[in-house]
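In what follows, a structure is listed as structure tokens, so that the remarks can point back to it.
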């Protein structure tokens, strides 16, 4: 119990400091932070629409947090979740558009294909870091910028040509047989359940399987692992493959989830307008960091950030307020020293 | 071809000046992944200062905006390096945080602050001179900052190589223990070096709003900061090579404006500079050696 | 310095040490690894605080709290591992922190003048415009000495200065030391090499186990006297050895050459073999090529030439995991850096590298019961005192950490155990326990390669002793060889 508390307290401190800073921001713009937060939580949780939005955000946020933290456990930085989401999403869309299949199999194959291409993109950075000494931080960010125009290209010149769109290209309409099943009462797909299951699976994988164990060993003690015959390079690449696959899965979820029709274009346009930077890939990093890189923690911090994001949208505030807050929260999370020192919890290394 | 040189040089201004700033920072052992965010904040500040002065004081000089941008860069880097040096904030995580913060913050600010939808056109830096007749309709404006771009690598080289402070920066980035043993204050040197680098990041960010685009748009930096970061790495932490890399990357960004393509080609050209960067990093990194203490916090024993 | 005491947790490193150094002399401080020489000098230089005792310089009691104080008092120290900034030039390193400058710009003319003046005085030429990392070791050391002298050092402490030098470089160093002392500088020369201490010093102080054993005028000393005083010890057989009946050869190394790590010697054309049921001691002072040799055996470093054969199989090109599968155990030299993952629990650490094996996992899933059983077995069979197998390695004492490592390696009953500095830094009880484990491994017909810089350990345990000196095996001794003989070989005196 004490151990759990020690793990959770710094996250909560960082969250509170971030919310405080956000409140100051709102106050500076002449808004009453209490009213805003009330409206925000009410908007996210008080309406069916808000709740559905929370569930939709949640699936991406949790999966992208895992896409960041699993390679992180092996000591490699995957800042490329955003690009891997794009590639995964566009792959799923291509499969749906070009390869008609029987029901159930159709979305399943699309999802698997998305995982494969997402993993492939991440592996490029993994291989470059392990074997060419090129920092994955930089190459994953660069590949985000490659993945974005590339998937736009495919979207606007391959997919939109082939399928009907509605509302001035806002939506690409996919056959319902190709989409993920929706859950009752909400305007959301089963994706958020998958995300939670994957998070639990990731916890099990890291703690209980030999590969997960080797990943953690390489992250915490690369030299020790090497001297016992574990190859850190291979393990890092494998960790990136897993991370990329999960980001790809999130991408497929974005594209194939919708209550009515598949709003591929809407999804992507939203992201383009925002620039990839504020996108879900980066929210995923915030989710993972606040969760102190724990997969189960990522479920909870994922829910929290989804509420913030959905609520902000619902009250008509610009979602960028949330991003500014996320940035501040991340900076505070980067200072375990600060919260441990302030609260006198004793030095505890949280990263990896 | 001429067009490519023109646009390439203009793009290289931001990349090269930012890379020089990041180079000084990294030489002292501080890795600032937040370079993109710091530039974005500076770009916004430059426009905002300009806007504010116009509104309340009278005709503003873009140089005032430039000063504002540079000060923002200094402040941001000062806070960042103090956090990492004093309370051991993880440099990579904090850098990511700064980037996300900057995108959100500048977007909100540009909407609320300017109190109009969109962003105002600001006055731009006067051209030192214009080179005309390059093509039927185009004149190349030689911005004062282009001059800075060419001079700066020399200055950085001289600063790091010939001055006392430059020597200290290199020592603390490479072997902080040895530097401490020689009586150098490691933490202070790193904070000062990072703040100095911040001034250059600020200048690079400001160039976008007060000269190249003449206005602030959200996410105006669009990854240019990361390309500058890559230029430092691919340039092997050497001012001359970093400048060379900046020109290369700048030219590949400039391609977008030269081809002015529509349709599929547009997207291919948009991704080109980033692809080039990854390829160059993949080829160059194997043999490169970063400052040994890069991104490692220093703790006295 | 008088009555100096210093203890580290579990170990008394210095026990009432008195030494005296006269102005303008070269005082040799002789002793084996761990005798307390370096600790004593670190106290003098303000790197450690002493527990008791006092220090006087030129008759005045002084307090030295940090290296800044020491430098202010005219002390200069050249450590075994250099504190140079690798990518700065020699000149930049020398003037670092004490640069002559005008308006922040370094005055290179003045700097060059000062340094040239100094070098011509003491005869320490260095190619000033080369980067420190490109300099041969001898020049790096000169750079360090010049650095100290430029800051006004009157008493120069040289910690094992020749450990990393070639014979020629050593001679040049000695010439400079003579010029320095002729100019009034005092030199404290820390070493374990007998010939050197005889050729360069005026007086010699010999230390052993944290105490001063003897102080003598160099002219009264001989190699044999020094060797006995340095190694000298009561012979007691602490362990029960089965009759020496070596079986078949497990490890056979022929003409092995391996490139060097930083600050160390390359392995140069070495041949050795280890058979079942024997402990082969590879003795030598650190940095003489041991680490490279062990890394080559374990597949962590590719040999340049030569052959390594394990149980009849050529392993030069095999990966570490393949080599470990040939029933090899490895106790690496630095337990915190290479042995244990400190943030892992005991049970996580004991399966490091073998998590994939069917013993611990089924279809890729760790069988927790088996892992825990194994960890419990290691803990109880090897006397690890810990609150449980889920305790993090970080929270164990050094002795218990090492027991976990040795236990992990021996629990798999390896045919060959490579133990590299297995007892360094451990308290007496843990040391003896670990050593007894090595002996019982030998008695159980395993082959043991014991790589150690601890003379007593090597003499106590080994059936055969090979001496590694500057990357070469320069001699072989049998059990019961004379102590002086080993002392001489370790000091590089052959025959």
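We just call them A, B and C in the order they show up, numbering each chain from 1.
Keep in mind that, in the parts below, a residue touches a chain if its C-beta (ideal position, glycine included) is under 8 Å from a C-beta of that chain, and two chains touch if they have at least 3 such contacts.
Here the structure is a predicted model, which is why all the values come from computation and not from measurement.
Under the contact definition, subunit A and subunit C share the contacting chains B.
Two chain pairs, A-B and B-C, are weighed by contacting C-beta pairs, with A-B ahead. Between subunit B and subunit C the centroid-to-centroid distance comes to 46 Å (mean Cα coordinates, whole Å). Taking each chain's centre as the average of its CA atoms, subunit A and subunit B sit 28 Å apart. For subunit A in complex with subunit B, the touching residues are 25, 29, 77, 79, 124, 128, 132-135, 137-139, 141-146, 148-150, 152-153, 156-157, 274-275, 277-278, 282, 285-286, 289, 318, 320-331, 333-335, 337-338, 341, 351. Across the interface of their complex, subunit B is touched by residues 67-68, 83-88, 92, 96-99, 101, 104-106, 108, 147 of subunit C. Across the complex, subunit C is touched by residues 208-211, 213-214, 216-217, 220-221, 223-231, 349 of subunit A.
Listed in rising order, the residues of subunit B touching subunit C in the complex are 162-165, 167-168, 170-171, 174-175, 177-179, 181-184, 291-292.
Residues 298, 300, 319-324, 330, 332, 337-344, 348, 351-356, 360-361, 364-366, 368 of subunit C are the ones that touch subunit A when the two sit in their complex.
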